[in-house]
Amino acid sequence: MNASYASALPALARGLVTTFGVALAAMLLAVAIGFAAGIARSLVPRAVDLPILAAIEFARGIPLLVLMYFLFFGLPQLGWRTSSDGAAIAALAIYAGSLGSEIVRGAIASIARGQHEAAAALGLGRLQALRLIVLPQALRRMLPPFVGLFALIVESSTLASLIGVTELLQSIRNNVERDNALSLPLYLTALVAYFAINYPISLASQRLEKRLA
Amino acid sequence: MRDAAPQLERGFLLTVEIAVAGTVGASLVGALGAALRISESRGARFAATAFTEFFRNTPPLVQIYFLFFALPEIPGIGPALRLPSVVAATLGLVLHQGAINIEILRAGLGAVPSGQREAGAALGLSRFDQLRYVLVPQAVRISLPALGNNVISLFKNTVLVSSIGVLDLFGAANDVIAQIEVSAELFITVGIVYLVCVGLLGALFRALEKRAAVAR
Amino acid sequence: MPMLTVSHVHKSFGKHTVLKDVSLTVEAGAVCCIIGPSGSGKSTILRCINRLVPIDSGDVVVDGVSVTDPNVKDADLRRRVGMVFQQFNLFPHMTALDNVTLAPRKVRGLAAADAESLGRRLLAKVGLAEKAASYPSQLSGGQQQRVAIARALAMEPKVMLFDEATSALDPEITGEVLAVMKALVAERTTMVCVTHEMGFAREVADQVIFMDDGVIVEEGTPAALFGAPQMERTKTFLSKVL
């Protein structure tokens, strides 16, 4: 049994690499979307804000798996082909991006009114004030929740296994299917592996929060 | 797609049942775990912390798979642990979202001003009464937004049960698609159902938060 | 026998010694005011009296009951001692009446009806009968502190401790709280007040204690301490605050 467990490890390692690849790609996109939407929401008038808010509420309200399935299975129906990796990354990016926009918007809003007022009194335009005064301060407050967001993306990447992405969980499932006796050790390995990844990230987020807030 | 309606209805009912059972279970786990985390016994605190950190930092999908596929393979007691898919899936959600609740409540208790505990103690209230009448009610009010988010998370995570063959709304929808080719519209419909439910839950919790704010 | 005896109390938090060999006596019905700069240990000694802070050595005896006696339960001790805090510490999720009746019901075991009539009587006594159903967030600072006093009185304690009860209030509101405290003095309530209100101390105190850096520097009647302070440190402090 030990032999077959060991023989499964290379596949698991490859799966882990895919997990990180998917997670990192999704994270980069999510940060970009988050900043774009969060800053936009902080600047634009109500009328323009509402559609952005609607999009965010949509991305947060729909189960991630439904979104992934829609992008992978549903879009081709409407003529748009995507790879499973692409659909997974896109869905994760949309979901995490919506959370990211709230992080950005919340951090900007948490910078005291006095800063905005002082900037305005000096004659700075709203965009300038944002760029020079508010954002530099807000960035520090955004870091801990964004670190936490990455952990959430890694956790959610397991859903990609359900649309055929061969990330860590899928590698585990494949090997369990080959040899059912490996079920216990492999799923234990899965739990330990994800814990080993996410627990330090979670701790880092908490420590950053204490130091930066 | 009309013919699929009864199947989807049954699926939706199952989704709601799992969500309700899961929320109740997760609340119990959260309350018990938070109580243990502030216990005077170091052993209890350590056990509760270990449980919390492990189950909230591992993906719920992996937990569900473990409960369903790996538990029965434990040498000796394995066969006794062969759980029906619905049970394994709901349990997985209870453990994961329950661990998150423990963390939320722990943070909430920490956010109650220390003067409150002092005042309760000065009045002669026992530690249990201090928790029950002074600290926990305030901790829950403080934690309400996060607790509400967790309930919504759990509701959305019910879709994971379909991965082990449970026919919740999502599972039923996939089943229908396997038989008839109506992907895009069906997903959109199912998506809208989830969105509406999430919206209702959100409104419910915002109303609760308003009520709690008055009494604060 | 004095109502309150503090004997040679020492207290350290880690390396920081907060109380060094503090001793004082308060007779039944007397008012003792403790003054001094912040960090002098005034608030700590108050908390040692009702065991909110355990003492390292020495003893505190209240109404014949010793704080260091392991057989004395917290609840028994705290029934005898009422405390009013600088930050009020009212329970925000309960009405004023519920704040006042909670401990009588849960610690003294009063029936709900008895607790309610007691509560209403005490709220009327502090001038807030009509606010019984209000939440703390709906009350002004002065009103909250008066509810806090009623809450402490509801336990019918032998000694009332006031920890800078008016320091967190706007100057024009301190009057209403001091008035309630003076009414208690008139009723011969044994009181220990940590305070910055020198006028109040001069008017009602039987003894004034000046503490600095964890020790009692000087003690005397208001006339003696305020009028003719003996120690240099006392003179320096008084010259700054008077």
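Letters A, B and C name the chains as they come in the text, with residue numbers starting at 1 for each one.
Heads up, the rule we're going with is that a contact is a pair of C-beta atoms (placed from the backbone, for glycine too) under 8 Å apart; a residue touches a chain by one contact, two chains touch by 3 or more.
Values in this document were obtained by computation on a predicted structure and should not be read as measured data.
J.: If each protein chain is taken as a node and each touching pair as an edge, is the resulting graph a line, ring, star, complete or other?
T.: Shape of the chain contacts: a line, open at both ends.
J.: By CA centroids, point me to the most central chain in this structure.
T.: B
J.: What is the chain whose Cα centroid lies farthest from the Cα centroid of subunit A?
T.: C
J.: Go ahead and note the Å separation of the Cα centroids belonging to subunit B and subunit C.
T.: About 45 Å, centre to centre.
J.: Roughly how many whole angstrom separate the Cα centroids of subunit A and subunit B?
T.: Once rounded, the distance between the two centres reads 21 Å.
J.: Taking the mean of the C-alpha atoms as each chain's centre, how many Å separate subunit A from subunit C?
T.: One centre to the other, that is 53 Å.
J.: Touching two or more other chains, which residues of subunit B qualify?
T.: Residues of subunit B touching two or more partner chains: there are none.
J.: Can you list the residues on subunit A that touch subunit B in the complex?
T.: Going by the criterion above, the answer is residues 57-58, 60-67, 69-70, 73-75, 77-78, 151, 155-156, 158-159, 161-162, 169, 173, 176, 180-181, 183-184, 186-188, 190-191, 194-195, 198-199, 202.
J.: In the complex of these two chains, what residues of subunit B are touching subunit C?
T.: Listed in rising order, the residues of subunit B that touch subunit C are 113, 115-116, 118-126, 129, 133-134, 137-138, 141, 214-216.
J.: For subunit C, which residues are in contact with subunit B within the complex?
T.: Spelled out, the residues of subunit C in touch with subunit B are 50, 52, 74-75, 77-79, 81-83, 85, 87, 89-93, 102-103, 106-107, 135, 137, 148, 151-152, 155.
J.: Show me the residue ranges of subunit B that touch subunit A in the complex, using the header's touch definition.
T.: 53-54, 56-63, 65-66, 69-70, 73-74, 156-160, 162-163, 170, 174, 177, 183-184, 187-188, 190-191, 194-195, 198-199, 202
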